[in-house]
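The structure's right below; bear with me while I get my questions together.
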Amino acid sequence: MIVFAILAALTVAGSLAAVLLRNTVHCALALTGAFIGLALLFLRLDAQFAGFAQILVYVGAVAILVVFAILLTRGSETPATGVFSRTWFAGLVVAAGVFAVLAWTVLHSAVALPHEFAAPQVSVAQIGNALMGRYVLPLEIVAVLLTAAMIGAVIVAMHEKPGKYEKKEAN
Amino acid sequence: MTNTLDQIFVLLKHWIMGLFPVGLQPIVGIVLSVVAILAVFPGLFAFSVLMERKGLGRMQNRIGPNRVGPFGILQPVADGIKALIKEDVVPYNADHIVHFFAPIVLVVVVFMGYAVLPMGRNMTFVPMDAGLLFYFAMGASAELSVFMAGWSSRNKYSLLGAMRAVAQMISYEIPLLMTSVIIVMMTGSLSLDKIVEAQNHYTWGLPHWYVFTPMGFAAFVMFAIAATAETNRSPFDLPEGESEIVAGYFTEYSGFKFAEFFLGEYVAMLSISGLGATLFLGGWSAPLEALNFIPSWIWFFAKIMLAICGFIWLRGTFPRLRQDQLMNFAWKFVLPMTLIDLVVTGLWRFLGEGWLRWAVCSAILLAAYLITARMGMRSKKLGPRSYRYAE
Amino acid sequence: MLGEGLLKGLAETAKNFAGSFVSKERLITVQYPEERHPLPEASRNFPFLVYDGADWEAGLRCVACQICEKECPPKCIYIEKSKDKKPDYVGKMQIYPARFDIDISVCMSCQICVEVCPFEAIKMDTEFELATDDRFGGLLQDRKQLAKSNEYYHAIHPTEASEVDARLAEEKAKVEEKARAAAAAAAAKAAAPAAPAAPAATPSPAAPKEGEGSQPQ
């Protein structure tokens, strides 16, 4: 319980810092802290695969990506004014609404499920079998979607042919 | 007797644990393992730094350090003392908190990787089901500390170094993971203990190491390339290219924090060597069945040091790549080869036992190498290039 | 083929690595304080004072003429003349430097002092291990530290030293010749009691061997 409290505090503090800090890079690093807290929570629930995948993907890739995006888009300059936009109230309402829906769902599904006190032992092999067996179609769809996204990114980033601009200017 | 010697550290640990009350024993066991790791690998770090300096010297027909102590063996001690008593300078404009935490994060994360490495029979600190995944999770976190160091220094060279490092580490992490996936496919487990176990068989006294299969060998080569890049070692040492960007992401670090980066770099090198040995070179298993009487941990550390020698050899030989060469090499040669290797591994499993799969897999890999290399050479992306002004 | 050059390079470094343990010629490092390269004959850095014979104070060639002091561009030489005199290499009575200091932290090794010296008394040394932890006293060399024997000069710059020796010997011979001639003339004069002004009329500055102090400047 104490461990859970510490991890929860770490996660919440990280998320809050990610929202409230002024410096965007600090925000990104705080977000990483929150990711790590989440991963540790997974590990606490004996979900090794989810926990490590969380660190590998979110800390190793997503956080780096965020940081890269910040650095490459001139976002790393600290804003002089506060971080709150003028419509912060609307944002708060939306966030509260989303949270309410999620909480409601979680609470009700917890009631609907039979109470299991012992956590099920899920090995990596089982996860792999499930992904390649029962859930192979969703997995493939996700893969196709990601491939499409990647191709799109490549096309966006691809060099324009030098002839194109000249023609445009000539016209 | 052989068995006792093989298990001597395990027995020692259990003996020390037995001295404590039962309630404390798990904690004592953990502390003992951590202390052992924290003592052994910095020691090896010191030794490999000395070896590197001497070895590089010999490759350049120099003598290398030979002043401190007999044959210069106390040189690392002198370096350590120097780093400890140096002033710790933090740039005025630096982001002090992030600047402070970057080296700590690096060292912590790098040492975490050792938790899952089997350093001998029954000598894994945390025998984990998803050990390999854990290792790569820790490796990926190291990138963040590099970025933290480079960004917080408020120095353009630091930032350039950090950007280079992160771009390079992300690019080469994919082949690194893919080559490991090949081993996982062959073993059917993410647990490093099981991977070693699977290689610890002998036919005619020869070991069943994965490096001795066609796709294992190809994967080993790719893994070695990716590991060299992942640890920012020459010829992939662009993030700290002295001639271009001072020292890269740790330009603004001095004294003990610099030493921490240095330590982190070498310990990561040792750890990735350990991973390579575990995945491809049979971990702690002996290279010949007849040599099984030598304790398993000696084999593990011998393989690590051999890999370090390889790293030093590469560093003594190759010039630094340019950024575009680096990226082309990663995405146009290493990654395609790894993907083909992945397919070949699947084929290997389906072809069943016999000489046929050896022939087919070797032929496919060789053809793939020839085609990729030929195309690479022709497209001037990988091949020798002409310079407009330098020649 | 891709990778061929890499293997070639690896073979090269491996050859170096193994070779450095086998052949001594490969290891070109000179381990400096213990081993050292012989200095080339033309090497020179700071001036020193040459003396003849065994006693450095008696044999100092310098006559404190102060030409070097005046010519020295960074003014690193300080000379105090002596009150008394001592015989120089030809035996003539000369004044000598009571103090002769060179501040080597100021000296720029231009060798002008050597070139202007009419007495071959100051020459360039090859000594370079002059580092000291006392940056004022330690770098100011007095005449005792500066005095080095002619043999030492021969050891560091053999050709130049023999040239200098030949020149000095020639000069000395000339002086002795003249003295002998003067003595002979004096004897002749003594024989013939007329013409008293002959010895003083000799034009050479170093003419009379037992003369009463010609002006060194």
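Labels A, B and C are assigned to the chains in the order they are written; within every chain, residues are numbered from 1.
In this text, a residue touches a chain if its C-beta (ideal position, glycine included) is under 8 Å from a C-beta of that chain, and two chains touch if they have at least 3 such contacts.
These numbers come from a predicted model, not from an experiment.
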By number of C-beta contact pairs, the top two chains: A-B
Core chain by centroid distance, with centroids computed from Cα atoms only: B
Euclidean distance of C-alpha centroids - chain A vs chain B, Å: 29
Distance from the mean Cα position of chain C to that of chain B, given in whole angstrom: 62
Distance from chain C to chain A - Cα centre to Cα centre, in angstrom: 81
Residues of chain A engaged with two or more neighbouring chains: none
Parts of chain C lying in touch with chain B, wherever the complex brings them together: 1-3, 5-6, 9-10, 12-14, 16-17, 19-21, 26-29, 31
Chain A to chain B touching residues, read off their complex: 23, 25-26, 29, 32, 39, 48-49, 52-53, 55-56, 59-61, 63-64, 67-68, 71, 76, 123-125
Partner chain A, residues of chain B touching it in the complex: 95, 98, 128-130, 133-134, 136-141, 143-144, 147-148, 151, 159, 163, 166, 170, 173, 188-190
Residues of chain B that touch chain C when the two form their complex: 55, 58-63, 66, 313-314, 316-318, 333, 372-374, 376-377, 382-384
